[in-house]
Amino acid sequence: MKYKVQDSDEIVDAEIIEKISQDEYRVKIKNSEHIIKILNINSGVMEFVLDNKFHTVRYIENKTSEMKFVIDGSELAVNMNSHLDEIVYKNSGGSETGNVQLNLYSQIPGKVVSINAGEGSEVKKGDVVCVLESMKMQVTVKSHKDGVVKTIKIKEGNSVNKNDIIAEIE
Amino acid sequence: MIEKVLVANRGEIAIRVMKTCKALGIKTVAVYSNEDRNSMHVKNATEAYHIGDAAPAKSYLNQEKILDVILSSGADAIHPGYGFLSENSEFAELCEKNKINFIGPSGKSMDLCGDKMRCKAAMLEAKVPTVPGSPGLVKDAADAEKIANDIGYPVMLKSVYGGGGRGIRIVTNDKELHEGFKSVTGESISAVGKSAIIVEKFLEKTRHIEYQFARDNQGNAVHIFERECSIQRRNQKLIEQTPSPIMDEETRVRIGDLVVNAAHAVDYTNLGTAEFLRADNGEFYFIEINARLQVEHPITEFVSGLDLVKLQLDIANGEPIPFKQSELKMNGYAIECRINAEDTFLDFAPSTGPVPTVTIPSGPGVRCDTYLYSGATVSAFYDSLMAKLVTWGQTFDESRLRMLNALDDFYIQGVETSIPLYKTILNSEEYKNGQLSTDFLKRFEMIDRLEKDLTQDRKDKQIPAIASALMYSEFYKSKIQSQNSVNQNWKNKMDGA
Amino acid sequence: MIEKVLVANRGEIAIRVMKTCKALGIKTVAVYSNEDRNSMHVKNATEAYHIGDAAPAKSYLNQEKILDVILSSGADAIHPGYGFLSENSEFAELCEKNKINFIGPSGKSMDLCGDKMRCKAAMLEAKVPTVPGSPGLVKDAADAEKIANDIGYPVMLKSVYGGGGRGIRIVTNDKELHEGFKSVTGESISAVGKSAIIVEKFLEKTRHIEYQFARDNQGNAVHIFERECSIQRRNQKLIEQTPSPIMDEETRVRIGDLVVNAAHAVDYTNLGTAEFLRADNGEFYFIEINARLQVEHPITEFVSGLDLVKLQLDIANGEPIPFKQSELKMNGYAIECRINAEDTFLDFAPSTGPVPTVTIPSGPGVRCDTYLYSGATVSAFYDSLMAKLVTWGQTFDESRLRMLNALDDFYIQGVETSIPLYKTILNSEEYKNGQLSTDFLKRFEMIDRLEKDLTQDRKDKQIPAIASALMYSEFYKSKIQSQNSVNQNWKNKMDGA
Amino acid sequence: MKYKVQDSDEIVDAEIIEKISQDEYRVKIKNSEHIIKILNINSGVMEFVLDNKFHTVRYIENKTSEMKFVIDGSELAVNMNSHLDEIVYKNSGGSETGNVQLNLYSQIPGKVVSINAGEGSEVKKGDVVCVLESMKMQVTVKSHKDGVVKTIKIKEGNSVNKNDIIAEIE
């Protein structure tokens, strides 16, 4: 299998070579061998020692080609696929990620104070689309790209959760 | 003698006040909103009263309701904490009227501290320097020019109706001043239909340095050293430390004497803080008095050995301050990091929600004041301060390294925190060298440096991250395929994922 | 310079040593047994190596295995903690031989400290008083009588083959001595077929007072004040405090000077503790040197401001002690309670098992060194110390009240603890007045008083206990009968009961 | 219903008078009224405010006539029954608790070092029946009454858990 760790451009081959014992594995990552000793598994949290260094990982999300987890306190994503290089190539062309880029998400929970860019209006990347209020603070949600606001998914005075869709911007 | 204190607050400060009360055998009364039914301060109090809806106006700011609880619980004193009603002179007077011991200054003194113009006048009379500028509004551009030339350029033209950076111009000579006067007037009129301008000396690379002070009913006053709180975002303090790296003993005593004068000048009682700007040329300018216990009081407790809440209670009981200025000695170095629930990269936007798991740091020289516990919730209704992480060291570097260590150990699941930013700051040469100023974050591009640190961190985790992915697949696969009894237990656990 | 330390220990002391190492940028290597795969010290280290089965002989006492890990991990130093290999001179020499920096005294000095007869001789030469008595075995009753009359009655006749109270007689005059000599000889012969008796002064109402000291490779030595550890059970310390309530400055300096002489007399390097008995008449008698970091070192850290592990590392690096005796000042009061997993009413029998939930106390002047976390396990293979709760105060009473408060806040689910006993002790007039002695628990019938406190506590809880029973039935019943949607969520939660 | 709290001899009448709201109850205990406000219920732990005082209770065991829980850190038992007075009377006669008194339980977990009173031997209350080892310490298990050891349920060298039966003593 091939793996790509968030923020790294490197595509790495990795596989399990041997199950040494009930809780120990020999793995090969980037042409070098490592020993993993599993210490504990509990509700999506795994603790293991890799080459004599303790790690704790909390798995958040696991899709076919992407996995998200918090490892030693840092949240990160790993892309994986037997043909990862091709996928990376495609993604840079935008074909697979197009849908993601359509939606503008709320990155905080809050109450909608105002909608500053109505449906049909043209926006530039960084333009304010709406204003939310949370913890006595007003926070602006800005367009993530140049485009036209296709639909607005929120209403003034209503509450939104983190990761709710604010608008579709084409 | 105070025997039962109502703590009109929530979160870490309510808990902190109760700790001292409990240790002194004083009963405590908590109040809580709907939102806070599972909050720690409710559990820690001798008694707890529900006071209304989540919104502060309907609960923690509801003076009548809180007064009702004071009277029905038989509390003889009230501790307001910080925020909420702590600097509300009307409420302080309401307590006085009802013969309830308000732990803080009198309503009258609080009023004077809260009115910046009157307070500034009182300070000038007491010979405490304030930021040079017009004594009040300027009549016209000519008036402004005269003042500018008196105090020296650069100066700031400020519309009193402005705010948040609007209606402000920094000008460096007479020509710029006349142009600026016109545009500020124009902006102000177009925004609010009127204009009123003051002139103030513009200070660059200023540090925020404040003094803890105490004054008792007999008129004895002491200062309890300075705190430097220059590292801020949006005028909110993030990191505080004491002693300040630019302070020497001569200056400490000289400004400390001014602080004592300031406390006398406003007839202050109980604990307060005098805030100063320190200009790059070494001059100190009084800004304001905070008429309450400050968030950052633990660093003063560490270096003075005092329990400041106990001192508040003693003074409120009418006792004289139990030590003399000359008996106070600074011992070591302390740093506080305010652990906020916020997303540094979203312009410090709040991050709220449940915190299923939290690991609170501890160890030699480490103190953590927090309302967090595994299962707590960070509410969107109140402010974003979840915890105050405070460390002490014999040397500055010991306190700094202990802080970095404690930040590493602090694990808060579920919300974004300011912890990564603090690691970047505390590791920076500029912080180590004490190059502090209120624009520290911007001046040294700390957010960009944080982003680089996090990117590097993720890159460094390449091997363990891939190992984690491999192991997930392994346990996921084996769950379906094998019935190996030894692994069964683990697989069952994994299903909880 | 030490760059990587293997910590040959587990539990709270391993974690505590690692904290200082981490803060100083020194890498740490943990070792762990099968039993400790989920233990906190494994998580905190830079590297962690599995070293064998649960039984200490197969893991933490396995010298070869630990040496292997030192060599393969590239650690350049070893910190032994306390217990296990910490006072094993053979192991210290094994490290020396392999050019590994053993953080502690040399094997030779450790040997001398461990041999009580040789150590006593060295002390007598250095004019450090030891408990008066026969220099070795007595020949016969006449010899014993002569010594008894030299040192004064009462004396103790002790068979060296006895133990646990057997083969001991306390005699107060010549007649009793002759009778006692016969019966101790008889008991010893009937038990082990031989007899060998020593005579020692019998001291009543003694206090256990010890001194922290440090000595560097250059031969500089300092004492870092006393600790009083009189509250014990079965010769194991339960509560320690500093300063000792009976100590005045003159005595502190006088005995402190003796401690420095003692350190020189055994050519000690690094940190150690000199233990004394203090008789009711005020005399101090040296007992032994503990050649390691003590469990109770945090109280000394609190009042001295020093990080004792850092000082150990500095000395191990060959650096001179970075301060002079005259620069050390005692600041405030500190108390430590050893939070043991044990059942006070079962004669302190161990209590082991999982700890699903733990709440660790915090606050001003509170420090808790522990390996506990929610989900930890107290293992039957190792000792019963789960946590050290330490508080500091400006006054003795402040430290005591903070301790009571922190004990209240300490919640450990799943095992019996010594916490209730400590509350009874710390609330007693005898403790408040400093009437300490090694038979404190027995003398003041503390276990009986604890039992009464607990009975009273349960009686006081009559109303909330009945309320709890009422509510259980209510929610239990409604779970079956009603489908009320509002309560549904709670009922689901209740099913988890 | 009647209740008796451990260590108290008093038998107390108590009942729920009124469910005031979803989470508030008016109850009558010992002829006086109290208000209970439930704050939180989670896996057998209930948090409530009784007359404005916070309490937390973790339920451990619930039998028909006895309930055990930890309230505010103290473990205690409450006996309850509509005819508690009669039961208390019976118990003092020993008829119901006879069986409990037969068994000698281990109060700690540990390894059996030695058995000091074999089957058939006569023991007095306080006599050592066996010695256990745990945490490097030897702990004696003493007879809880005068009697004859009927059966020994343990073996030297084996481990016992807390609350295992050590012996039956008649």
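Here the chain labels run A, B, C and D in written order, and each chain numbers its own residues starting at 1.
Convention: contacts are C-beta pairs under 8 Å (C-beta built on N, C-alpha and C of every residue); 3 or more make two chains touch, one makes a residue touch a chain.
Every value quoted in this text rests on a predicted model; they were computed, and no experiment measured them.
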| item | value |
| --- | --- |
| Which of A-B and A-C has more C-beta contact pairs | A-B |
| Chain located farthest away, centre of subunit B as origin (C-alpha) | D |
| Whole-Å gap separating subunit B and subunit D, where each centre is the average of the chain's CA atoms | 49 |
| Distance from the mean Cα position of subunit D to that of subunit A, given in whole angstrom | 52 |
| For subunit A paired with subunit B, centre-to-centre distance based on mean C-alpha positions, whole Å | 33 |
| For subunit B, residues contacting two or more additional chains | none |
| Interface hub residues of subunit D, defined as touching at least two other chains | 42, 53 |
| Subunit C partner contacts - residues on subunit D that touch it in the complex | 1, 3, 5-8, 10, 12, 14-16, 22, 25, 27, 29-30, 34, 36, 38, 41-44, 46, 48, 50, 53, 55, 57-59, 62, 67, 69-74, 76, 78, 80, 107-110, 134-137, 139, 162 |
| Of all residues in subunit B, those that touch subunit C in their complex | 16, 19-20, 22-25, 298, 301, 305-307, 310, 331-332, 359-360, 362-370, 373-374, 394, 398, 401-402, 404-405, 408 |
| Subunit D to subunit B touching residues, read off their complex | 37, 39-40, 42, 47, 49, 52-54, 56 |
| Subunit B to subunit A touching residues, read off their complex | 343, 346-347, 349-353, 380-384, 411, 413, 454-455, 457-459, 461-476, 486-487, 490, 493-494, 496-497 |
| Complex contacts: residues of subunit B adjacent to subunit D | 30, 37-38, 42-43, 45-50, 73, 375 |
